[in-house]
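Below is one structure, written out as structure tokens; the observations come after it.
Note that the chains are named A, B, C and D in the order they appear, and that numbering of residues resets to 1 at the start of each chain.
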């Protein structure tokens, strides 16, 4: 079952090497079914070159394998926590893409410093707090999801408005309305992370004006959007 | 009508991904007709892969669509202001190319620090002032054009001598005698922006001597030029 | 004899340009036979384009050429010292890859600052001490091996847990269970060297928590590993 | 006449875009005939894509065109001064390659900081002094050659030992035993310029020990060389 969504998730995973977001198998993309009962995700540690659409794993929201002969990505419990919490998330991408990972390791929020950022992210992309010893020892991957949720809740951010987060000392988790959209946002994230590093490096780390942020975000999103074709 | 110029504008737009100046649809190139009555420009938010020459939009100088079934680039009003003001501009390119955008966000003029710069830009490439709340809220794209003009007027610069400007917190607008020439200057701009960031980062941000600037600019431009074939 | 291992070493050497780890002939990969009597290594200064599997050189552990018509890599004595000392090393790669070489020249350990590092290296990747005048003048390449061993011994590191070292003012030597695995680790090393330079450059050079380091290394290595397929 | 050398110079020029050392037409390679009477050089401002071997220009040492229908590179007088002065130079490459140009604009010598440098350059790669107003106004290209010679003379450097120089605010001139060899050295120069920028940026700008410099340079050059095949 779910051959269509497996095909989409498979193709979205192949975009990661295409956009130079991963080395080897260091990334995974998933998508949730429209009824929000099942998640389709990449198998763990399988080469992109030999991977097939039929290798995608179907799990339920408790992490039980419903279909597939391989183990799902070890990050699956992180994905599941996020799907359970946020109905606005339809797809998730996790990578160790270079610039977003550097900012994750530096524990620096990626502030909105230009219109490239404002076109897709409605404010700073935050970094999670350090995980505690117990959170790391037991249920580490599930707790990674919970720490992301805590970060968004505290800052009152919806992953629809800011579809990315940096896990401290680790790397980005990125969201979208489906698998493909979460990869798209991963490319944008990498681009703004690149630019922000080069600004922070010059001693510049101030957000742009709210007026300009509003203008650019809202000309692309919401009821008054006028960018692109109808 | 205008099939020739549509073809040229289409091809100039395809150079943006070729020269790695854009991700996705983040750029647009236009050209004005020789009688300076119509502007041909890329449609808004259309993929480069599926775009055709016949998709190019023809607008008049008031922004009315004269030919084409799609919406023109949302930046069209910026282009129009610039064509109306400067007879010496025949083509315009706007991108979010990485290094020029970093310098735009850092609000740093790109000073003439070497002969690569001096061969094509006769002095510093300036950054515009921040736009005011009202300028952003209403007629934002038109006002972007007016702020560029204000910047050039104040510094007494012609876009023929310095065929590029950085819009603060946004990115570059680049000029040429036609669409193709404005893309060419965009490549040069990206190169000098790259080099200048790496000099500013070492604490070096001094212009080269006027003697050397004159020599290199004038051996390529004007009546005494001797570079290249006749 | 040893046609299989020659083929493997040949192919592993070709991965160096593929992964952009070398310019021209600036690298070499070797593998030791299972009985640990012979080492197969790339010939010295031969172009990757014209090189054939049959060009690989077989030497014994004293450096005598057992098979092959060309001179082996000038770094062969370094490889031999390391194979003699460490039974856990099956393959060795030496390159002048850009980022690892920069860190070697800066004489900066590559600290474990994120999970990309922790997935493959169980702690800091160390830099060797400066070599002494006499060590450089006579038996330089052999002494390079001895200085690497001294570095690992002093810090009580096994090349199985930390499969790479930076030779001061020179570049990395990287280890694996076979030739291919040592190239794999070279790619990871280059990636973490890249990220660490960009963190050090921002004034950040602290290791991540031991808890997180343990978690990521041990979920991929040892008896409780759960990453990847069985 | 000279079809062989035209073919070689043509091919060497095509290596510049291959090795990513030039944008557009921003570079030129030349070679002198064995009798040191004629220099074959790229025509000025001609596209690499449309250029043919037969487009190469032959000039004598006074700069008179002996063969060819196009104008020679505008940098020809610089090449000629260097060929006249140094019998050890057989080929010259001039580019605006990114990293060597950054160091030229920063007016920073490229010090020998690692073995990659020491394998090909026997000490620091120097920057020329600023050119004077009169030197720029008249016979600029010839004077560029004279300033390079002054730089080498003052520091007592032979272009055989250090086959590159950085012209201040301009870019590198690189030497070799023939055209191809000068391109090879340009690639090495770009690599060490890249690494040195990243070391200077961390506040590190010390040369390596003379012992290690001697070892690496002399194991590749001179009568006791033992690197590579015979």
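Here is the rule we go by: a residue touches a chain if its C-beta (ideal position, glycine included) is under 8 Å from a C-beta of that chain, and two chains touch if they have at least 3 such contacts.
Bear in mind that the values here come from a model prediction, so they are computed numbers and not experimental data.
Residues touching across the chain B-chain D interface largely differ between the two copies, under half of the numbers being common to both.
Rotation relating chain A to chain C, from a C-alpha superposition: 90°, rounded in steps of 5. In this assembly, D is the chain whose CA centroid lies farthest from the centroid of chain A. Chain geometry summary: the mean Cα position of chain C and that of chain D are 33 Å apart. Here the spacing of chain B and chain C, counted between their Cα centres, is 47 Å.
Looking at chain D, one finds that residues 201 touch two or more other chains. Of all possible chain pairs, those that touch are A-B, A-C, B-D, C-D. Partner chain C is touched in their complex by these residues of chain A: 23-24, 26, 43-46, 70-71, 74, 96, 98, 101-102, 104-106, 108, 130-131, 133, 136-137, 140, 169-171, 197, 200-201. On the side of chain C, the complex with chain A involves touching residues 113-116, 184, 187-188, 191, 194-195, 198-199, 201-202, 204, 208-209, 211-212, 215, 219, 226-230.
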